[in-house]
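Some structures are shown below for you to check.
Consider the two complexes below, in which subunit A is the common component and subunit B and subunit C are the respective partners.
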Partner chain A sequence: MHAVKKTKVTSPNVSLGDASGSLVLLGGVGGLVLIGAAFAMSFFVANGVSSFLHVYLVNFLFFISISLGALFFVLIQHLTRAGWSVAVRRIAEVMAGTIPYLAILFIPILLSVVAPSIYGASEYLLYLWVNPKYSSEILAPDKAAYYLNPTLFGVRAAVYFAAWFMLSRYYLNRSRIQDENGDHTLTTRMQFWSAPSVLLFAITVIFASFDWSMSLAPIWFSTIWPVYFFAGGMLGAFCTIILILLMLQKRGILGDDVTEDHYHDLSKFTFGFIFFWSYIAFSQFILIWYANIPEETIWYQPRLNNGWRWASLLLLCGHTLVPFLLMMPRTLRRSKNYLWYAVIALLAMHWFDHFWIVMPQMFVSFNDLAELGTDLGTPKHIFGPVEACCFLGMALLYVAFFCWEAGDRPLIPLRDPRLTESLNHKVH
Partner chain B sequence: MATTIDEVYDNTWDDPRKRSPLVTGGLDYGQVTSTVTSIAEAPAPPRIWYILMAISLCLLGMLGVLLLHLIVSGVGVWGNNNPAFWGWPIVNFVFWVGIGHAGTLISAILFLFRQNWRTSINRAAEAMTIFAVVCAGMFPGVHIGRVWVAYWLFPIPTEHLAMWPNFRSPLLWDVFAVGTYATVSTLFWYMGMLPDLATFRDRAKNKWKRMAYGILCLGWTGSARAWHRYEMAYTILAALATPLVLSVHTIVSFDFAVSQLPGWHTTIFPPYFVAGAIFSGFAMVITLLVPARAMFNLQHLITMRHLENMCKIIVATGLMVGFAYTIEFFIAWYSGVKTETQTFIMRAFGPYWWAYWTMFTCNVFIPQLFWFKAVRTSPIAMVVISIFVNIGMWFERFVITVTSLCRDFMPSSWAYFRPTYVDIGMFVGSFGLFMTLFLLFCRFLPVVAMAEVKSVMPHGDEEHH
Partner chain C sequence: MAQSNHHSSSEGSTPAGPTSRLVGILAEFSSPDKLVHACDQARQAGIRRMDAYSPFPVHGIDPAIGIRRTRLPFLVLAVGLTGLFVALGLQYSVNATDAVGPFPGYPFLISGKPLFSLPANIPVTFEVIVLSSAFATLLGSLALNGLPRFANPLHRIPRFKKATNNGFFLMIEAEDPNYNPRQIRNQLEQWGAEALEEVHLDLTDHRLPAFVKMVFVLLLALCTLPPALIYRARGDSHSLPRLHFNPDMDWQFKSQAQQVAPNIGPNEKNEEFVFADQRAMRGEVAGTVIRGQLRDGSAYFTGVAAPTGTASLSEDRHYVSTTTEQDPSTPAEPNWVTTFPDRFSVSEETMARGKQRFDIYCAVCHGTTGAGDGMVNQRAMTLNALQRASWTSAKSLHDHTVINQPVGRIFDTITNGRGTMGPYRSQISVEDRWAIVLYVKALQDSMSDAVMQDGDGNWVPVRTVAPTAVAPATPASDSNAAPTNSTSADQTGGDGSNSTGTDAGNNTTGNQTDASGGSNGNNS
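Then we have the complex of A and B:
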C-alpha cells in the first residue's frame, strides 16, 4: 500500500561546496571590520569602551547560548536514541563545533577582567566586581577571595571552554568518521558517552551562567539563573537550526531530505521552549516580587523603571504571549514560509533577552561606583551604531565560523544507522 | 538481520540498527488481550493478593480511626506546635502529590514525545497517580482543623461567611492546581480506558459483569469514527495535561518559596520540585509494577526494557535534584546572606543532620547505582533502590518543611519537632488507602492499555501506515 521506504539521501547537494570558502572570507573580514568599527565608534559615545564591552557581551552571550543549545541538542539525541532527528543533527553538530572559535571571541571579555588587575587600573569596564574598591567595600570578603576574582574567573572560563571543546569535537568528529566508514558501533560509543557528557555540560553551563551574566550584578543571586540561561539558549538553538535549514534548502542544498515533518518537530520543540523559558522567567520573577526582599529586588528595580519597563513588557509580549499563540497552530508550524518570519522574530527576542539582562546593569554599576566616590558620569544611549555594528559583526563572524566548520563536507550524517528512520519520518 | 530467539525474550539490547521489541515472548494480539483480561476474568486472584489486601485494609482501618480521633479531638493530637506549625501533614501532602506526577508524565509528556514504550505502563502509572492524589488531598483537607467547613477553601459566595479566600495566597492556588490536576488526570485515565473496558465487556461471561463494564465503557463500539474521535481527544487531553504536570508541583513549591523564610525562599524551587516529583513518581511506579508484573504474569508486556528506561529516568531526575541541593548550598554561600548560609549549615550539621544526610544519600548517592546495567536490569535491585528513593524524597520534604520552621528568625522560639503516634499512624495508614485502591484497580480494571500496546507491536506498526 505505502510507498517504498527511502534509504539514502537523494539531494544532489548535501554540502556547502565551494560557497563555503567565499562565505568564510566574506563573514570573517566583514565581521572583523564591523566589530572594529563598533569598537572605534565607542570612543565617541558616552562611557566609551565600557559601553562597547557591554554590547559585545550581549552578542557573545547570544551566540554562545545558541551554540551550547545546539550541543545539548546533539547530546540529548544520542541519549534518547532519537531517530527522527538524524537528518537535521549535523547542522546542530556544526553549530556546536563553532564553540572553539567563540572561545576566541571571549578574549576581549577576559581582558576586561584580567587587564585592570595586571596594570593596576581601577577603571570600570564590564564586571563591577573587578573594581578593587567595589569588591573590598561591598562584596563579602569570602566571595571576592574564592569566587569573584579575575584569576579564578579566567581559570573557570578555561575549564568551561575545554569541556565544551572536547564534547563538541567528539560528537562532530565521530559522526563525520561514520560518513566515511558507516560503522554503526560509532553510534553505540556516542550513545554510551552521552550520559556523562550531559553531566559535564550541566556543571559547566551552570557556573558559566553565574560567571558571565549573573555576576554582572555582583551582590544579586538567583538559584534558577542557569535554567533561565539554558532555556533561552535552547530556544535560540532550535530557531537557528530551523533558519539554517531554510537557508540551505532555499539555495538548493539538502533538497527534500529534510521534510516539513522535520520542521514540524523542530517547531514543536521551539514552542516547548517558548513555554519553558516563560515558565522559568515567570517563576524567577514571581518569587522575587512576592517575597520583596531588597537584596533580590535590586535586580528587577532597574528593569521595571526608567524606561526599561517598556523593555520588560516587550519581552513579556514578544518572548511569551505572542509567540505562544502564533506557534500553536499545526499548519503554521509546518509552513516553511511562515517559519522564516517566526524564527527570525524569536531570535530577535532571544537577543533582546540578553540585551535586557546586560544593559540595565551598566547603569546600575555606574551609579554604584558613583556612590563609592568614583564618579564616571551617567550612561546615556541605549541603541545606536555601536550596538548595530557589534551585532552585525558578530553575526557575520558566526556565519564564517559555521561555514569554516561545515566546509565542503556533508551536512547530513550520510551513513547513520538511523538515517532511514529519519528520512521516512512522518508526524501523525 | 534476523531476529534471534534470545532477542525475543531479552529486549534490553541497544543496537542502533534496529529497535528492540516492546512486547516479548512472541505474543500476538490475541495473547496480549488474554494476558491482560485473565487478571479480571480469573475466578479468584492469587493468594498473595488477598494477603496484601488484608494488610492494606488493616492500615486503612487504622487511618480511619486516627482520622476520627483527629476530628473529634482537634489538630493538637499532631506534633505540630510553635514554631513548626507545618509538620508531617504537609510533608505527607507534598510527598503524595509528588508521587502523583509519574502517571500523567508518562501518559501525556511521553505521548507527545512519541515514546512508544510508555504504552505498557501508562495505565497502571495513571491509576497510581490518581490514588496518590487522593492520599495527598486528604492531608491538607484535615489539616484545616474544622473539616466540616472544608468548602471554605473554595471561593463560594455565601451570606453567612463575610469573607473570601485570599486570592494572593499560594494555598488557595494549591486548591485550584491540585483540583484541576486530579480532574484532568482522572478524565484522561478513564477516557484512555474506554476501548479496554469494552473488551472486558465483550469477553464477560456473566450478565452482571457485562452490564457493569458496558456502562463503564459508555457503549464503546470500536467503529472507525469512534477511534478517530478517541485519538483526537487523547491528543488534546495530553496537550492539556502537560502544563498541568508542571503546574501542580510548581504551585506546591510556591507554598514555600514565596515566603521569606531562609531555606524556603529560593528561585530554583519550581523546576526543582517538579524534577523531584517525577523522580519519586517513577520510583513508586517501579516499586508497584515489579511485584505486580510477577503477580499477574505480565513480564512480556511490562518488559525489562520498560523497567530499565524508568531506571534511567530515575537517575536523570535524581541528578537534577542533586544539582539543585548543591546549587542551593553554593548560592547560600555566594549570596553572603547570613541567615541563608546559617540555615544550610544547620540543615547539614545541625540537630537535623540525620534527616539531611538520609535525604542526600537516598536521593543522590544510591540511585547512581543505576549507571550499571546489571543493576538496571535486576528487578530486586531496582525495587530496593526505588524504595530508598521514596524514603529519600519523604525526607526531602521533611528537611524543607521542618528544619526551616524550627529555626526561624527568633532564636528564643527555636524548638525541636517531634511527631506523635497520630502523625506516624496517619502516614502509614495513607499507604493502606493507596494500596487498597491500587489492588482493587489491579483486580477489576485493565492494568495494561491493551489497545495501545497492540498499536506499537511490530506487525501492528506495519499495517498502520
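Then we have the complex of A and C:
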C-alpha cells in the first residue's frame, strides 16, 4: 500500500522530442492552407467575407478562451500553493504560452474593424458598430460610440495582449528556469505575483469579452457576460489539458508521472465548471426572461426562435444536463478511455457555445442595418465548408503553436518543490 | 444513563464482572504508517469488523480496513430526484391548475408569462433539489454510520483520549467471526501494537431513565398541539374580535381625525370638551398659512381668473360642474382662464414634461394620442360589451367639446375630476398639471386632420365636429360620433354650462349629452 515515495520524474519521455518539429510544420502549413481555403470559399457563399469573419471570430474566441482558461489555471495554482497540479501545470503553461501567437490570429478581426474606417467603406463586415451610419444614428445618443470606436478597440486589444503576453511568459519562463537550476525562490516569486496577476487577468478578460463578443450586439448589454465567457473558457481549458495529456500518454510521454488521480482532479474541475457555466448562463437568461424588457430580450429573441431554438436546446442538454450527469460518477471521471469521448464532446459544446453567441448576431446585424436603409440582404447558410475549413485550420494552427512552444523541452516541471507531492497524489 | 454507568467506567481495563460484555480489543500504534500496516494485516487475516481511530485523516486507511464505497450517493440522487419532481409538481399544481385538494391551485397571471413556465420554476426547483439533497446527505450519513450514538464503551478507556491528540488506535470487535480471543493479542503485537486493552460494555443498566421517556412523550404530545390548533382554525370564522398582542400600539391614547375631542368633564353628564367646538381635529387658524402650502394667485392654482382684489388661499375645488341645476346659487360657470398663467412657462421643457406626465397618468384611459382609447378603457369596453362591467368611456380629447374648453377648464378637470373621472390633485403637482394641459393642447392641434378607424373599421376623423346649431342632430351624424363621445357623462354639466359661458353654438350638443348623461350618472 505505502510504497516508497516518488521524488523524481520517472517517465522515459517527458517531451515531444523530434515530433514537435514535424507537428509544427504540418499544423502551420495545413492550418494556413485551410484558413485560406475557407476565406476563398467565403466569396461563393451568401454574405461573402462577412460570413467568413463571423466563423473566424467563433474559432478565435474558442481558442483564446481556452488559452486564457489555461493561464488562469496556472495563476490559481500558484495563488493557492497547490501541490497536486504540478505534474500537469506545464501543459497549461504552454497552452497559455500560445496567447502571443493567437494575437497574430487577431489581426483579421482588427482589420475588419479598422479597414472600413480607413478606406471609408460602409459595408457591414463583422461588428455592427463599425458602420458609421449605425454608430452615428444608434450609438451616439447612448454615448456608447465613445467606447466602441475602431481606434480604442485596437488600443484596448493591444493592452489585453500585452498583459496576457507578460503573464504567460513570466510564468512559463520562470517555471522553465526552475527546471534547470531548481531554485525554490522562483516558486516564491511566482506565488507572490499570482495575486496581482489574477487581478490583471480579471480586468483584461472582462473588457476583452465585452469588446470581442458582447459588442456584436452593440446596444445590448449583460453585466454577467465576462463571467459567462470565463466559465466557458475554463471548462474548455480543463478539457483541453485532459485531451493533451491523453494524447501525450498515448504516444508514451509522461506515462508514469501523470496518473488517473490527476485525471480525476482535472475531471472534478471540469464537472464543477460544467455546472458553473450553466449557472451563469441560466442566471443571465432568467433575469432577462423574467424582466422581459425589449432592449434586453432582443439578444435572446433570435436565439430562441426559428431554427436557433433547437440550437439553444442543444446547448442546454449538451452543455449542461447530459455532461452534468455523465461527469458525476467517480469511476467515469477516473477512466481514461471514457475521458477521451467526454472531453471531445465537451469541447465541441464549448465551440458550439461561441457559434451560438456569434452567428445569430450576423442575421440580426444585417437586419438592423437594413432598417437604417442599407439593405444588405439576409444571410442564408448556417454550417458549410467555410465553417469546417476555418475550424480545422485554426485547430491545426493551435496544435502548431502548442508544439512550437513546447519544442523538445520537458512537459512537466522537473524540479518544482512540490513535484513530490504531485507525483504521489492520491484522490480518496 | 451516564450516571448509572459511572461506577464501572473508571475500571475499563480491569476484567469485567458478570454485568459487562466484551466488545473487542483496542490496540495502540505509534504512527499512522504502522496503523495502516496493522489494518492491512488484520484485513488479510480475515478480520472485517474493525475500526481505526486517528487524530487526523490518514491516507490509505479506507482500503486498509476494507471500507467499501458508500451507498450514500445513490441515496442522495434518489432524494434529489424526488425533490425535483416534488418541486415541479407542487409548482404545477399550485400555479397552473385550480385543482382542489391538499394544495389548492391558485392560477395567477404574472406579466403575461404562461401559468406553468419552466424558466421561472427552475430556481425554486434547483433550491428544493439542493436542500433535499443536503438533508439526505447529512441524515443519510448519520443513519448509515449508526449515529447518533450517545455513548461508546471506548470513551470509558482513559488511553483512548489520545485518539484526538497523538494516538493511533485499531479496534477489533469481538463479534467478528475471525476474532480469536486467545490469538488476537499475539497477532496484534506481531502487527506492531504498542499497547493492548480489552473494551467492555457495561450491562448493569443501559436503559433510558423513566423520566426521560416521560419528557419525550410529553414533548411529542405538545408538538402535535400547534398543527391541531391550526387545523381546527382552518377556514373557521369567529364572532369575537381577534387577539391583540400589542394593545398599546393598537389603541393609542390620542385623538384621531374626525373624532370628538376628549371629554375632560367630571362625568358623562357634565361633559366638558378640550375644545369648545367638540372636534378633536383642528382647522387652520384664521389668517395663517401652513408652511409650504401658500396658494397665491388663484388662476395658477384653480384655473379660474380671480376677481380683482381677492386671492384664494386654497386650491380646493369649486363644486361647479355636475351640480349646477341643484344649486342655483353657485355661479353657472367660473371665469376660466383662457391663457396659461404667468407663473407657468410654456417651453419645450414643460411640453416634454407634460408628455411624460400625460403618458403616465392620463394615457391609460385617454390613450397616448388622447383619442380615448387607452388600454384600461379598451379592456373596460370589452367587459362592457360582455355586460360584466358598467364603465363610462373615457373622453376623447379631440372631441369638439374638449377642444373648445379653455385651458383653465382642462386644468380644473385634472385637479378635481369630472363625472366619473377622479381628481388628480394629490397625484400631480400644479406645475405638472399645467404641463399636461399644454401637452393636451398640442395633441389637439396635432390631430386636427388625423383619421382613425372606428369599431366598424370605417375611417373617421379623430377630431369630432360640433353639429351646427341650425341642423338638428340626425341619427347618421350621431352614429358617426358614437365611438368617441356618446357616453360622455362627465361632460354633461360642463357642456351645459360651457355653452352659456364660452360657446353659444353648443346648445344642441349640450342637450343631447344631457340625455345620455342621465343614464350614465346612474352607473357611476
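What to note about this one:
Methods note: the second predicted complex is superposed on the first by the 421 of 428 C-alpha atoms of A that agree within 3 Å, B and C clash if a C-alpha of one lies under 4 Å from a C-alpha of the other, contacts with A are read in each partner's own complex, and residues count from 1 in each chain.
Here is the rule we go by: contacts are C-beta pairs under 8 Å (C-beta built on N, C-alpha and C of every residue); 3 or more make two chains touch, one makes a residue touch a chain.
Since we're looking at a predicted model, the values are computed, not measured.
For the composite obtained by superposing both complexes on subunit A, the positions of subunit B and subunit C are in clash.
In the superposition on chain A, A:Leu199 makes contact with subunit B only, while subunit C stays out of contact range. In the superposed pair of complexes, A:Tyr147 makes contact with subunit B only, with no contact to subunit C.
Of the two partner chains placed around the shared chain by superposition, subunit B is the only one that A:Phe221 touches, whereas subunit C remains out of contact.
Of the two partners subunit B and subunit C, more residues of subunit A are touched by B. With both structures placed on the common chain, the touch criterion links A:Tyr290 to subunit B and to subunit C. In the superposition on chain A, contact is made by A:Ile280 with subunit B only, not with subunit C. Residues 1-2, 286, 290, 426 of subunit A lie at the contact with subunit B in one complex and at the contact with subunit C in the other.
Those residues of subunit C that touch subunit A in the complex are listed here as 33, 36-37, 40, 59-60, 62-64, 111-113, 119-120, 122-123. Those residues of subunit A lying in contact with subunit C across their complex are 1-2, 282, 285-286, 289-290, 292, 426, 428. Subunit A meets subunit B in the complex at residues 1-2, 81, 84, 139-140, 142-143, 147, 184, 187-188, 191, 195, 199, 202-203, 206, 210, 219, 221-227, 268, 275, 279-280, 283-284, 286-288, 290-291, 293, 295, 416-418, 426.
Across the complex, subunit A is touched by residues 14-17, 112, 114, 243, 246, 250, 254, 257-260, 265-271, 319, 323-324, 327-328, 331, 333-337, 371, 465 of subunit B.
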